[in-house]
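Next, two complexes with chain A in common: one pairs it with chain B, the other with chain C.
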Partner chain A sequence: METLSLILNWVAITIVAYFFVIITIYSMFFLLALKKIWKEKDIDPHEPIEDTIESVDTYPLSIIVPAYNEEIGIVPTVRSLLSIYYPEYEIIVVDDGSKDETSKRMIDHFDMVESSRAIRNHVVTKEIVGICQSTTVPHVFLVKKENGGKADALNCGINVSKYPYFCAMDADSIIERYALLKTMKPIMDSDGNVIVTGGTIRVANGCKIHRGSIEQVSPPKNPFAIMQVIDYLRAFLIGRISMTRFNWLLIISGAFGIFQKEWVIKAGGYRTTTVGEDMELVVRLHRLLKESKSKERIEYIADPVCWTEVPTTARVLRKQRKRWHQGLTETIFYHRKMLFRPKYKGVGMVSLPYYVLIEWLGPVIELLGYVLLVAGLLFGVIHLEVALLMFAVAFFYGTLFSISAVLLEEWGYKRYPKPWHLIKLFLWSFTETFWYRPLTVLWRVEGIISAIRRKHDWGDMKRKGVSSG
Partner chain B sequence: MKKILIVDDEEVLRMLIADTLEDLGFSIEEAEDGEEAWEVIQKNSYDLIILDYMMPGMTGVEVLKKLKESTVKKDIPVLMLTARSQQKDKEELLAVGADYFMEKPFRPMKLQELVEEIFHV
Partner chain C sequence: MDKIMILKLVSIMIFILLLTQFSLMIYMVISKHQLNKREERKEKLKAKIVPFLDQYIRNNEPIQTRLLNDNVAKKEIIEESLNQYLRIFNMDDTIDRIYALAEEVLRDRYATLLKSRKWSDRMNALYFIEDFKITSLKDEVFAGIPKNAPVSLDEELKQRLRTLASIQDKRVLGLIRRLNKASVIFLKEILRRLDQAYIEELISSGSDLPVPLHLALLSVISEKKGMENIPFVENSLEHDEEEVRIQSLKALLSIGYFPNPDRLSHFLHSDIWAERMTAAKIAGRFKLSRFKKDLVVLVESDKEWWVQFAASEALSKFTDGDVILSYLYENSERQNVKEITNHWISLGGS
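== the complex of A and B ==
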C-alpha cells in the first residue's frame, strides 16, 4: 500500500511538472502574440484593404461550400456570400447527396438551370449527378453528387472550380464582408508564395445576425457556448498567431481557409479517410513543400473574419471534440515519419512534436491527473499537499490563459462593445476548471480511442496525378 | 440617411443590391415592377433610384421617361441596370436622361464603388 502511494505521488508530481512545461510554452506563445498584436494594434483596419485592392484583380477565386442536409441554412449562407467585397469570384455549393431539400432550395431561390460546365478530373471523387447555374446571379453554381463525406465534396468542388485559388468554408459559417480580401492579402503580398491562408474564427452564438452578417457582437447565454467563446479566443490568439510566425502552423480551420488549387491537387486533394481532413491537408502540404524543397509558405491572419455557430449541448459538443481529437490522432499517425526529422525543418522538429506532446497527449495526462486527484482525496493515497498543488496548477493553467486571451482580445480587437460582456467572459473563465475542462478532456481522450478502433481501415489514399486531369 | 429605391423584377438581385447597400448605411426600399416603382416614386422622395432595364409590364425605360418628364422628380439620379449586349439601348437611355449605368451581371464590389462615387463617400 505504501509503495503504491509513493508511486502515485510521484506520478502526480510528474503530471504537475508536465503542466509547468505547458504553462511555460503557452506563456511564450502569449508573449509572441502580444508582440504581434501590439505592432498591428494601431493599423487602420481599412488600410490593408486599400493596399490590396490594386492587385486583387489578378487573384480570382472559387468559394467551395460543401453542404449535407443544409436546407435551412444554405440559401442565407449563399446570400451573404453574394455581397462579399471581392472583384472576381464564383460560389460553388456542393450538395453531398443530401437527403433533404438542399438542392431544391438552391434551384428555386436562385432560378438555377442545368449547366454544361466542364469538369476536370484532378482528384477522384464520388459521381457527380448534375451541375446547375443560377440565371439571375450567374456566378453561383450547384453541384449535386453522390454522398462521399466532406473531404470528397471539397475535392469535387476543386474539380468543378475554374479559378486558381479556392476558399473552403462550412455551410453554417458566416464570413465578414472583407474576409476574402483580408485573407488573400498574404498571398498577394507574397506574389503567390503563400499558398494557404486562414483567418481567425469566432463564435457566432449570441451575436445579432442580420441578413447573413454579424450586426452586433455579444456573448451567448448558453454556458457551453460561452466556454467555447473563450476556447476559440485562446486557441486562435495564443497558439496560432505564434505558430504562423515561424511557418509552423498546422491547422487552417475547415470553417474558413484559402488554398492555391495547384498545390492542393499536387498533394492529392483532401484525404477522404480521415475525420480531420482540414489539418491533414495542411500537414501534407507542409510535407510536400519540404520534400520538394519549395519556398512556399502557409500563413494565418489574426483578424477575426469568420463566425461559426458552435454546439450548445453536451451531446453535440462531445461528438465534435471527439471527432477533432480523432482527426488529430489520425493526422499524427499518417505523418509520424516527419517527427524529429530535420528535413522537415520547424514543422518536423517543433510544431508536429508540439502537437503530439502537448495537444494530443495533454488530455491523456490531464485526465490521469483528475482521476488521481479525485481518487487521492477519496482514498487518501495522495498527500494533501500534492493534491493541492495539482489542483492549483490545473486551476492556474485553465484560468490564466483564458483570462489572458479575453484581455488580449479586448485590447487588440475590441469586438465586444459592452464592459459587461467582458466581465461575463471573465467570470465564466473561473468556472472552467470545474466542469468544462474535465468534460472536454474526457471527450478528447474518447477521440483517441475511436481513432485506435478505426485504425484497421486506415488505408493509404489513392492519388491521381495532375497530368491525368 | 440617404434613401435608395431598388426596382428589379428579380428578387435575388434586389436582395443582393439591398444587402450590399444596407451594409454601407443606406436606407433601402424595393419595388418589383415598373408600376409599383412609379407609385412609390410619386409618394416618397429618394436620393437615388436603381432601375432595371428589362422588366415585364412597364419597363425601366418607361419609368425613366415618366420620371424625367415629371417636374418635381426629374432631379433624382437614376442608375440603370442593363444587360451586357444592350449598347444601343444605352444611347437611348442616355438621351432619355439616365445618369449612371451598371452592366449585369455585376459584382457587389463594383456597385459599391459606383454608389460611393455617386454620393462622394
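== the complex of A and C ==
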C-alpha cells in the first residue's frame, strides 16, 4: 500500500510539473499575442482594405459551402453571403446527398435551373447528380451529389469552382461583411506567397441577427455556449495568433478559411478518410511546402470574423469534441513521420510536437490527474498537500488563460459592447475548472478511442438556424 | 516541505490569482464603462457639430474652424464625418472643400501623430493624409522612409509610398524604381494613384524597368484602355520575360486594339500555355477568322484545360462558332472536349 501511495504521489507530482510546462508555454503564447494585438488595436478598421473593395486586383473567389441536412440554415447563410463586400465571387453550395429539403429550399428560394457548367476533375469525388444555377443571382450555384462526407463535398466544390482561390465555409455560419476582404488581403499583399489564410470563429448564440448579419453582439445565456465563447477566444486569440507568427499554424478552421486552389489540388484535396479534414489538409500543405522547399506561408488573421452556432447541449457538444479530437489523432497519425524531423523545420520540430504533447496528450494527462485527485482523496492514497497542489494548478490553468483571452478580446477588438458582458464572461471563466473542463477532457479522450475504432460521421447537431434569432 | 507550508503556498497562489483576475476584471469593466460614456458624449457632440459641417460641405456656408479646433474628440468627429462625406460626394468643388477643411483643422493632428511611437497612430495618420490629400505634409511623410530604403517593404513603408503617390510627390518615382521585390499588386496601387504625366515619365525613363514595375505599368495601361501607350505595349511583346509578354497580350486584349494580327500566330503556337490561352482569347475578341483552324486544334488537342476553354470560347464568338463547336462536340472522343464545347454551345455564341 505504501509503495502504491509513493508511486501515485510521484505520478501526481509529474502531472503538476507537466501542467507547469503547459502554463509556461501558454504564457509565452499570451505575451506574443498581446504584443501583436497591442500593436494593431487602434488601427482604423476600414482604411487598410479600402483599396481592395473595388479593386480589379482583388482575387476572385469561389465560396464553397458544403451542406448536409441544412434545410433550416442554408438559405439564410447564402443570403448572408450575398451581402458581403467583395468585388467578384461565386457561391457554390454542395448538397452532400442530404435527406432533407436542403436542395429544394435552395432551388425554390433562388429560382434555380439546371446548368451545363464545365467541371474539372482535379480530385476524385462521389458522383455529381446535377448542377443548378440561380436565375436571379447568377453567381449562386447548387451542386447535388451522392453522399460522401464533408471532405468529399469540399473536393467536389473545388472541382466545380472557377476561380483560383476558394473559401471553405460551414453552412450555418455568418460572415462579417468585410471579413473576406480582410482575409484575402495578406494573400494579395504577399503576391500569392501566402497560400492559406483563416480568420476568427466566434459564437453567434446570444447575438441579435437581422437579415443575415450580426446586429448586436451579446454573450449567450446557455452555460455550454458561454463556455465555448471563452474556449474560442482562447484558441484563436492566444493560440493561433502566436503560432502564425512563425508559420507554425496547423489549423485553419473548416468554418472559415481561404485557400489557393492550385496548392490544394497539388496536395490532393481534402482527405476523405478523416473527420479532421481541415487540420489534416493544412498539415499536408505544410508538408508539401517543406518537401518542395517552397517559401509559401499559411496565416491566421484575428480581425475578420465568422460567427457560428455552437452546441448548447452536453450530448451534441460531446459529439463535436469527440470528433475534433478524433480528427487531431488521425492527423497526427497520418503525419507522424514529420515529427522531430529538421527537414520540416518549425512545423516538424515545434508545432507538431506541441500538438502531440500538449493538445493531444493534454486531455489524457488531465483526466489522469482528475482520477488521481478524486480516488486519491477518497482512498487516502495521495497526500492532501499533493492533491491541493494539483487542484491549484488545475484551477490556475483553467481560469488564467480563459480570463487572459477575454482581456485580449477587450483590448484588441471590443466586440462585446456592455460592461456586464465582460463581467459575465469573467465570472463564467471561474467555473470552468469545476464542470466544463473535466467534461471536455473526458470527451476528448473518447475522441482518441473513436480514432482507434475509426468512427466517421458529419455530426448531427440540431440546427436552430443562426439567422432565426 | 511540510503540509502546512504547502497548504499556505497553495492558498497564497490561489489568492494571488483570484486577486489579480478580479483586479483585471474591475479594471476592464471600469475602462469599458468610461469608453462607453466617452462614446456617448462624442455622439452628442457630433449631433451639434455635423449640421455646421453639413452646411459648409453642401452649401459652402462659412464655418468657424476656431470652434472645431479645441479638443481631440471634436477632431475625431470631423475626421469621421469628412471621411464619410468623401465616400458620398464626388463633385469636385465639394471634395475641394473637404480637403480644405481637413488641411486647416486636422493637419497639425496628423503631423503630431506621424511622430508618435505607436505604430497604429502613424498608420492612421498616413491613411487620412492620403484620404484628405494633405499635400503640405509630404515632407513629414517622406521623412519616415529610411534613407537607404526601400530594401524591404513593411506595412508602414508601403503606406508611406501610397500616401506620397496620392499627393503626387514625384520622389515616389525614384523609390519604386528601386523596389525589386515589391509585389505587382502593390506597384499597381502606387501607379493608379499617380497622374498620367508621371506614368509617361516612367515609361520614357528607359527600358531597364524592374520586371514587377514593368508588369504593373502594363496592367495599369490596360485598365485605362488609352491608346497613347500602345507602342510601349507592343515593344513589350518581345520582352525576354514570359510574364511581361503575357501581360502585354492581356493589355492589348483589354485595350481592344491589336496592331499587327500576324504576330498572333507565334503566340498561338507558343510552348507557354498562358501565351496560347491569351492569344486564343485575342483571336476570338477580334474575330480573326484566319486563326479558326488554330483554335480548333487547340480545343481538340491542347494539354491545358484553360487553353481548350479559351479557344472554345473564342470559337463561340464567330458567326459559325456554334456549328464548329457542335462538330467538335459530336466528333471528339475526349470527355473534356465534349464538356467544354457543350458549355459554350449552351451559353450561345457571339
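Structural remarks
In the analysis below, the second predicted complex is superposed on the first by the 445 of 469 C-alpha atoms of A that agree within 3 Å, B and C clash if a C-alpha of one lies under 4 Å from a C-alpha of the other, contacts with A are read in each partner's own complex, and residues count from 1 in each chain.
FYI, a residue touches a chain if its C-beta (ideal position, glycine included) is under 8 Å from a C-beta of that chain, and two chains touch if they have at least 3 such contacts.
The shown structure was predicted, so the numbers you read here are calculated from the model rather than taken from an experiment.
Of the two partner chains placed by the overlay, neither chain B nor chain C lies in contact with A:Val124.
With both structures placed on the common chain, the touch criterion links A:Ser213 to chain B but leaves chain C unconnected. Look at A:Arg177: by the touch rule set out above, it reaches chain B but stays clear of chain C. In the overlay built on the shared chain, the residue A:Val11 is in contact with neither chain B nor chain C.
Judged by the touch definition given at the top, the superposed model places A:Pro138 against chain B, while chain C stays out of reach. Taking chain B and chain C in turn and counting the residues of chain A each one touches, the greater count comes from C.
Of the two partner chains, chain B is the only one that A:Glu88 touches; chain C does not reach it. By the touch criterion defined above, A:Thr399 lies against chain C but remains apart from chain B after alignment on the C-alpha atoms of chain A.
Contact residues of chain B toward chain A in the complex are 10, 12-13, 15-16, 18-20, 22-23, 105, 107-110, 112. Interface residues of chain C facing chain A in the complex, by the touch rule stated above, are 1, 3, 6-7, 10, 13-14, 17, 21, 24-25, 28-29, 31-33, 35-36, 118-121, 123-124, 127-128, 131, 183-186, 188-189, 223, 305, 309, 336, 339-340, 342-343, 346. Those residues of chain A that touch chain C in the shared complex are 39-44, 47-48, 50-51, 55-57, 116-120, 188-191, 383-385, 388-389, 391-392, 395-396, 399-400, 403, 406-407, 410, 414, 417-419, 422-423, 426, 430.
Residues 79-80, 82-89, 109-111, 134, 136-139, 177, 211-213 of chain A touch chain B in their complex.
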